[in-house]
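Per-chain residue numbering starts at 1, and chain names A, B and C are given in the order in which the chains are listed.
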């Protein structure tokens, strides 16, 4: 199957991401990679739980003193919505509607940026209000490492989407770039799932003490 | 009858193995010559597992040797195409089930002993007055030396652990700087001295075995801890329960009345000890700096078997005096990376060193 | 496009290897660099044994000794054994499943260069202020306290090469799942492919905990975090857990492919299909699975409590069962066969008793209460060398002789091969058997020197003498390789005469596209099936048509180089550490430049389409007439 062949919405295959062998390999390889990423985050979660509230002195703030539900709730909503919009984008990709796919991807990127903005504000807030920094305690190191790893994933995901859009903005969909879009959106979903766990394990469990 | 014979055979294998192994190593440092209840339980487990494993090896060896002798191509001809056998369910089941049984035979005593050795109920027992009955020792591992504190007795010593025989001795161990591991091979397995938490276990020193080794066992650090990990040795002096009580009393008395120099040289040495600041790191009072000293407590230094855990005072070629001087002058090359400063002639004249050595040798509590 | 060899200059060949995405050439890269690191690690081992030959020796200093023991372990595991196995996996697995290349040729190259730069970075520590000195396990309290940049080299070097390993693992998984030739069902895959598959799955799930552990240590040492600083609330046991959650599966990542190589050799030189194939596959998968359940048996003395110790003890013992199944299946493969004692077969035959000895001491170690005595003594040293040398290294040596003709088109000399074998085997047992007893006699591991009068003198001397036998054996092997390549006598498709699997159905070395037409696989040991029916070739599964091939690329090299440069920056920007005190103004810019190089290379890869090229049918036909090189 020629990867640069021009399609119409009629000839466009049902699963464009898995039509070529390259696409199939990419699809499977990326799922496996996400399996490894899962273990990576599991290790970070375990580390965080082991070091939660482990501070050198009683003058340090603990999880229960710092976390604020409204803020993280907004962040959660932003990221969950962005996952939904990336689903719309993939829906249009499968229907060979390049313009709509682009629009929804831009919306996804916007939501992701908003999430990132809130996260930066949140960190800033903790550092300045509570002197809860990366180096202030083992708790601080573990918190910023876990949440920061997730944040770094968001940055990578956004960069990925942006690069893909820039590169392909004028050439439409084909079997060469369809798997790329699909895999990037898989990554975005994964980031979302990890956040759900962070929301539960770090923030909700943090607020109950 | 047949069964009995089998049992007897197995037993003889046990004894044979135990006999061979007990010829190994020196009794004061070998795990193969257990000198206490804990070591003995571990040793029995070793022998049990070794016997099972020897049986496995024998079976494998028989099949193996027949296979590689009987089916050589040179024997059966160049052009023979053997039958392409797929496998055999009977055999597969056999060599799955039998190993499972063998593993279970080992697993049950393993679990039993593991829990038995972790049983610390006795540590909590108290007498009518509310005093703990068991002896508890706090072990603090430091870069290349060991501190042994007796919290219930209020005394501390270092490098030479003093313990009573024939009773369980409980150890609370912690690492002061990096992680070490506390191991007295002849008396029982090791336990890590973590830096963030206290670990507890017990050992039991057998009096008969202790007599065989002149009441002196070797202890070692078993976790890589820096350049001189290999030299982080300590010694264990064992004594009967009564004798141990006397030792404790003697130690407590030393704290009350300071040791007085017996002659002028010792008195000069004591001055040097103060002037050079030795006292800053090395207390000579068994009740001071418990858990906070930066160097080994030297209250009993004169009666220790080794200097720094590595220079043998019983060595006929080198006297204790030589060892002490050697250590003070060359501590860094004797134990690379240790925290003690080196004192060369500029820091400490030969005369002062003589006096200091004389003083250090006089630091005795129990041996007069 | 033609495979007809053109005389190329040295630079052209070099450029070809720097940019290659061909799995067979990447295999050669892995084999040579892995072989180089094996020699480095071997020299380190010899210095260790010389130091321990006599009591109270001062051949090397205490600090240097700790660096040697750390680098010996780290080098042998990460930079020798794994790359050498990757070499064979790359060379053989695509051929065994009838594929033209791996699923991601570009990533395959990237995986290699990441490993290579990581390994070089780690070893540069010798020349830049001292190697890491906290053991290959690098336990946190000691590695945090360690002065100088040694541990930084360890952390960054392993991080880079670990990323390469993870990538390669994913690559093999996808290759084996997606790229099998028509008819090559899972239960017809050769056992080496199966064991590669399971080992790759282990890599996928075992390396991320190491990655996290290394990140935490990197943050602690270079960026002021407090994961392992007890005074700041940190906990060093976290490192031990993360390390061993990786570290134990790592052992199986090494041994399973070696099992695979031996399975191929037993079947080939017994002229008999592998006995109990299905059980072998099942046992391989089960060992891989159980490998994740037992990590805490490395931590019996940490004080996890009797419940944890008992559970992990029993779980560990359970691994003996599938391993035992394998041993018996191998022996029964020989049973009733026609055994030809070639050099690879000698290694395989010697492997059984050697590995059994290593396995049974493993069960002994699993007995938690008894392990309080064994732990961190020479008993453990003896055990894992019996497993790693008796299993992995014998497997690698066997594989070297067995697959050499397939990889290079020449046969290693059998006479010299057998000399190597005997010297190595004798040396190995002489070195390590006695170490079991040394451990029980009270010798802790990782000690720079032992003092006289503890009954340890004679056994240590014997052990050192044994090590020299092994060193001579390796030298003979090198001589053998040089002689063979200088003579350059070419061999045909199936030089051993008893080849069973697909790789022996094509030329040695295979053309760069491997299979002109993908073969039709009709059962286990497909080539053997064809041979028994009187065919000399595989039946093709497709008509002759154009073959799609990937383009060479220099980008993997640049990406890895960027990380290599960034690592120097990350390391030397440290200023807060009291023990170190030196920081350099250039460090932060270097860190940023290095990262920009890597990210830039990734962007280029992403933005520049790479569609590969096609070999046309006509050229393939020409190639037939042109014959092999």
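To be clear about the criterion, contacts are C-beta pairs under 8 Å (C-beta built on N, C-alpha and C of every residue); 3 or more make two chains touch, one makes a residue touch a chain.
Chain-to-protein mapping (UniProt): A = Cytochrome (Ubi)quinol oxidase subunit III; B = Cytochrome c oxidase subunit 2; C = Cytochrome c oxidase subunit 1.
The shown structure was predicted, so the numbers you read here are calculated from the model rather than taken from an experiment.
J.: Shared touching chains for chain B and chain C?
T.: none
J.: By mean C-alpha coordinates, which chain is most distant from chain A?
T.: Farthest by centroid: B.
J.: Cα centroid separation between chain B and chain C, in whole Å?
T.: One centre to the other, that is 37 Å.
J.: Take the average of all CA coordinates in chain A, do the same for chain B, and state the distance between these two points in whole angstrom.
T.: Those two chain centres are 53 Å apart.
J.: Averaging over Cα atoms per chain, report the distance between chain A and chain C in Å.
T.: Once rounded, the distance between the two centres reads 34 Å.
J.: Which residues of chain C are in contact with two or more other chains?
T.: Residue numbers touching two or more other chains: 234-235.
J.: Residues of chain B that contact two or more other chains, please.
T.: Touching at least two other chains: none.
J.: Under the touch definition given earlier, write down the residues of chain C that touch chain B in their complex.
T.: Contacts found on chain C: 61-63, 65-66, 133-135, 139, 141-142, 145, 230, 234-237, 270-273, 275-279, 301-303, 305-306, 309-310, 313-314, 317-318, 320-321, 324-325, 327-329, 331-332, 334-341, 349, 352-353, 356-357, 360-361, 363-364, 366-373, 375-377, 437, 440-442, 444-451, 453-456, 532.
J.: Where on chain A is chain C touching in the complex?
T.: Checking each residue of chain A against chain C gives 3-4, 21, 24-25, 28-29, 32-33, 35-37, 39-40, 43-44, 46-47, 50-51, 54-56, 134-135, 137-142, 145, 163-164, 166-167, 176.
J.: Which part of chain B faces chain C closely enough to touch in the complex?
T.: So the residues of chain B in touch with chain C come to 21, 24-26, 29-32, 39, 41-43, 45-46, 49-50, 52-53, 56-57, 60-61, 63-64, 66-68, 71-73, 76-77, 80-88, 91-92, 95-96, 99-100, 103, 106-107, 110-111, 113-118, 175, 177-179, 181, 183, 185-186, 188-192, 194-197, 199-200, 218, 220-231, 233, 310, 312, 336-337.
J.: Contact residues on chain C for chain A in the complex?
T.: It comes out as residues 103-104, 166, 170-171, 173-174, 177-179, 204-205, 207-209, 211-213, 215-216, 219-220, 223-227, 229, 231-235, 238, 241-242, 245, 603, 606-607, 609, 611.
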